[in-house]
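The following pair of complexes shares a single chain, chain A, combined with chain B in the former and chain C in the latter.
This part shows the complex of A and B:
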C-alpha cells in the first residue's frame, strides 16, 4: 500500500508541474462570465441559471480533467518509457494501476475543491442561499468524475490515446442519454434492437444517475438514501474498471 | 552459485498479422555471483530483449529466466536489483535529487539513510552541484550519470546495465569503467550489455556474444580469445559473427 501512495504522490506532482490547474482558472473565468451574462434575468431565473451553469461547468471541466488526466497518467509513462525503469523497481503492476488511480483521485479532489470554493463564493456574492442539496449535487458530480477516471485509466492500459478519448467521450454522452434512450427503446418493436439496447443499458454506466442538479435547482428534495445508492453504484463501476485495467496491464509487454 | 540463469529463453515478436521476428532463440546462460559479465552483440542481436525478459517487462514465448532463483516478476528479488536502461528515460519534471528520492522510497529505504545515500551517489556521479536542476535541463551524459546513481540507490546485489557508456564523454566512460571495477570488487554481480567492445574488454571477466537472437559463444574472455585465435575482443567478435553468417549461408546453399 505504501508503494501505491508513493506512485500516487508522483502522479499528483506530475499533474501540477504540468500546470493542469490552469483548467480551474479557465473554469473560474467562464463561471464569472456566465453569471454576468445572466444578470438581465429575474432574480429567481438568475439563481437557477447560475446554479445550473456552474454545476454543468464543474462537471464538464472535471470530465476533461478526469479523462485526459487518467489517459496521460498511463500513456505518458509508456510513451516516454519511464515505465520501463519503474517496473524494474520492487513494485507490482497492480501497485502501478492503483497508484495512478489514487493519484487521479487526489488531482480531481484538489481541482474539485478549488472549483467548489469559487462556486460557493460566487453564489454567496450573489446572495443565493447555500444548502445541503448543493453539496449533495457536488458530491455526486465528484463520484461521476471518479467513475470516468477509472474507465479512462482502464482503457489506457490496452488502447491508444485516440481510441480512449473517443470511447470515453462516447461513454460520457451515452451515459447521460441512457434514460432517454431507454424510453425511446421501450417504444421499439424490434426484439434484437431492444435486446441490444437493454444489454448496453445494463453494462454501461448511467451517468444520469449522478446528475441531480435538475431537481436541486428547482428545489425538489433528493433523499440521502438516493445519494448512498448512487455512491454504491459508482464504487461498483470503479472497482470493475480497475480490475479490468489491472488485468490488461499485467498482460501488457513494455 | 548461479545468480542469473536462463533456460531455453525464447522471445518471438509478432509483427503485423503473420510476420514474426525471433528476438531471442533458446538462450541458455548462467552468470555466477560476483561476476562482471558482458553481453555483446551488434544492434538488434537480442541484448536488450534478454535484459527485458530478465527484468519482467517482456514475457517469454518459451523458456525460463531466474534471478537469485526467483522469476522476473518477484518483487522481493527486485529489491536487490539495480537497473540502468539503454536510453535514459526519466521524469523530466523531477530534479536529480527528487528522482533518487522517488526511486529510493520504492525500495522502502529508511528516510535518513536515503538522504545520506542520495548525497553520496550524487557526489559519486559528479552531479552534486546540479541536484536541484530539473531533468529536462540535463544533457544526455548527465542523464546517463543520474541513471547510474538511480541504479545504485538500493545498494543492489545485482546490477544490470544496458549500454552504460552511451552518451558519455571519454572521461565519463573512464569514471564508469572504474566504478564498475570498484563495484565488482565490492562483491556485486554485474551484467553489462554493450556494443562498445573496448569497454567490455577492459572490465568483463566472462562474456557472451549474441547475434540475431542466437548465443554464438560464451566463456572466459582469455579462453575464447585462445579458442578463436583472436588478438583482441573486436577480432573475436568479428570472427564469431562471420563464422555464424558463413554457416547460415552454407546451410542456405545446401538447402
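This part shows the complex of A and C:
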C-alpha cells in the first residue's frame, strides 16, 4: 500500500511540475469569472447563466485535466524510460496503475476544490443562495471526472496517446448520448439488434447519469437516493476500468 | 512461476452485470424523479453544445439572442428561439412565462388587425399550456396561463380553471388574490368571498377585508 501512496504522491508532484495543469486551472477560473458578462440580464436569468456556465466550465476543464493527466501519467513514464527503473524495484504493475490512479484522484480533487471555492465565492458575491443541490451537482461532476480519469488511464495502458485522446473525447460525447440511445433501443423490434444495443448501452459509460446540472439550475429537486445510486455506478465503473487497465498493463511487453 | 492474469479480465467483464442492474435502477429513478431528458438535435453552435452534454449553455446562448431581439423590438424573431430554448430545457419556467407573455402581449401590440391580435394571444396561451404540461407540479405556469386569460383575454371562466390549479401548489399569496378576483368576475361571488377569507391572515389582509365588505354590501368589488 505504501508503494501505491508513494507513486500517487509522485504523480501529483509530476503533474504540478508541468505547466499544463496550472494553465487548465487558470483558464477555468477565467471562464467562471467571465460569467460576469451576463450582468446585462435580469437577476433570475443571470443566476441561471452563472450556474450553467460555472458547472459546464468545471466539468469541461476537469475533463481535460482528467484525460490529459491520466494519459501522460502512464506515457511519460514509458517515454522517459523511468518505468524500467520503477518496475525493477519491488513495485508491481498493479501498484503502478493504482498509484497512478490515486495520484490522478488527488490532482482532480485539488483542481476541483480550487474551482469550487472560486465558484462559491462568485455566487456568494452575486447574492445567489447556496443550497445543497449545488453541492450534489458538484459532487456528481467530480464522480464523472473520476470515471473519465479511470477510463483514460485504462486506455493508456494499451493504446497510443493520440488514439487515447480521440477515444476519450469520443467516449465523452457518446457517454452523454447513451441515455438517448436507450430511447432508440426501446423502439427496436429485432431481438438480436436489441440485445447487442443493450450490451453496448451497459458497456459504454453513461455520463448523462452524472449530469444533473441542467435540472438543478431550473429548480428540479434531485433526491439523495439518486445521488447515491449514481455514486455506486461511478465506483463500479472505476473498478472495472482499473481492472481492465491492470490486465492490459500486466500483459504489455515493457 | 508466472501468475495467471486472465481472472482479472474475467472479474472486470462479470462486473458489467451488476453495473447493468445499477443502470436499470438509475433509469427507474430518472423517470420517477422527473430527471429524464429527451433527445434534442439542432444545427449550429447550440447543436455542438448539446452533443457534448451542455444543454444549459446551448439554451443560454439562444436566450442571449432572445434578449437582443427584445431590446431591438424585433418580437417576431424571438418566437422560434422560445420554442428552441423550451425544447432544450422544458423545465425552465422563465422561458415559458416570458415566451407566453411576449406572444400574448407584445407581438399583438405590433399587429394591426383584430384577427392577427387574437391569433397571437391564442399562440401565447397555447405556448403557456405546453409549458404547463411539462411543469404540472408547480404553480408558476398555471398562474401565468390563468393571468393571461384573466388580464389579456378577459376570459374569466378559463382564468378560474387555471388559477384553481395554481393554488393547489405552494406559491405566493398573490395567486389566491388573482383567483378571488377571477371568481368575482366570473360571477361566483360566494367563491370569491371564500377565497378572500383565506387571505385574511396574510399580507393581503387589508385588501381582503375591503373586498369581503364590498362583495357583501354591493355585490361587486373589482373595478
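Couple of notes before you dig in:
The working rule: the second predicted complex is superposed on the first by the 230 of 254 C-alpha atoms of A that agree within 3 Å, B and C clash if a C-alpha of one lies under 4 Å from a C-alpha of the other, contacts with A are read in each partner's own complex, and residues count from 1 in each chain.
Here is the rule we go by: a residue touches a chain if its C-beta (ideal position, glycine included) is under 8 Å from a C-beta of that chain, and two chains touch if they have at least 3 such contacts.
Please read these numbers as outputs of a predicted model, since none were measured by experiment.
In the superposed pair of complexes, A:11 makes contact with neither chain B nor chain C. Of the two partner chains placed by superposition, A:116 touches none, neither chain B nor chain C. Which of chain B and chain C touches more residues of chain A: that partner is C.
Of the two partner chains, chain C is the only one that A:239 touches; chain B does not reach it. Of the two partner chains, neither chain B nor chain C is touched by A:157.
In the superposition on chain A, contact of A:254 is made with chain B only, not with chain C.
Applying the stated contact rule after C-alpha superposition, one finds that A:2 touches chain B and leaves chain C untouched.
Common to the chain B-facing and chain C-facing surfaces of chain A are residues 251. Here chain B touches chain A in the complex through residues 52, 55-59, 75-76, 78-79, 81, 83, 85, 87, 89-94, 102-103, 105-108, 147, 150, 160, going by the rule given at the top. Residues 2-3, 6, 10, 13-14, 17-18, 80-82, 84-85, 87-92, 251, 253-254 of chain A touch chain B in their complex.
Chain A makes touch with chain C in their complex at residues 40-41, 44-45, 48-49, 51-53, 55-56, 59-60, 172-173, 175-177, 179-180, 182-183, 201-203, 206-209, 211-215, 217-223, 225-226, 229-230, 232-233, 236-237, 239-240, 243-244, 246-247, 250-251.
Chain contact summary for the complex, chain C toward chain A: residues 5, 8-9, 11-12, 15-16, 18-20, 22-23, 25-27, 29-30, 33-39, 51-57, 59-60, 63-64, 67, 89, 91-94.
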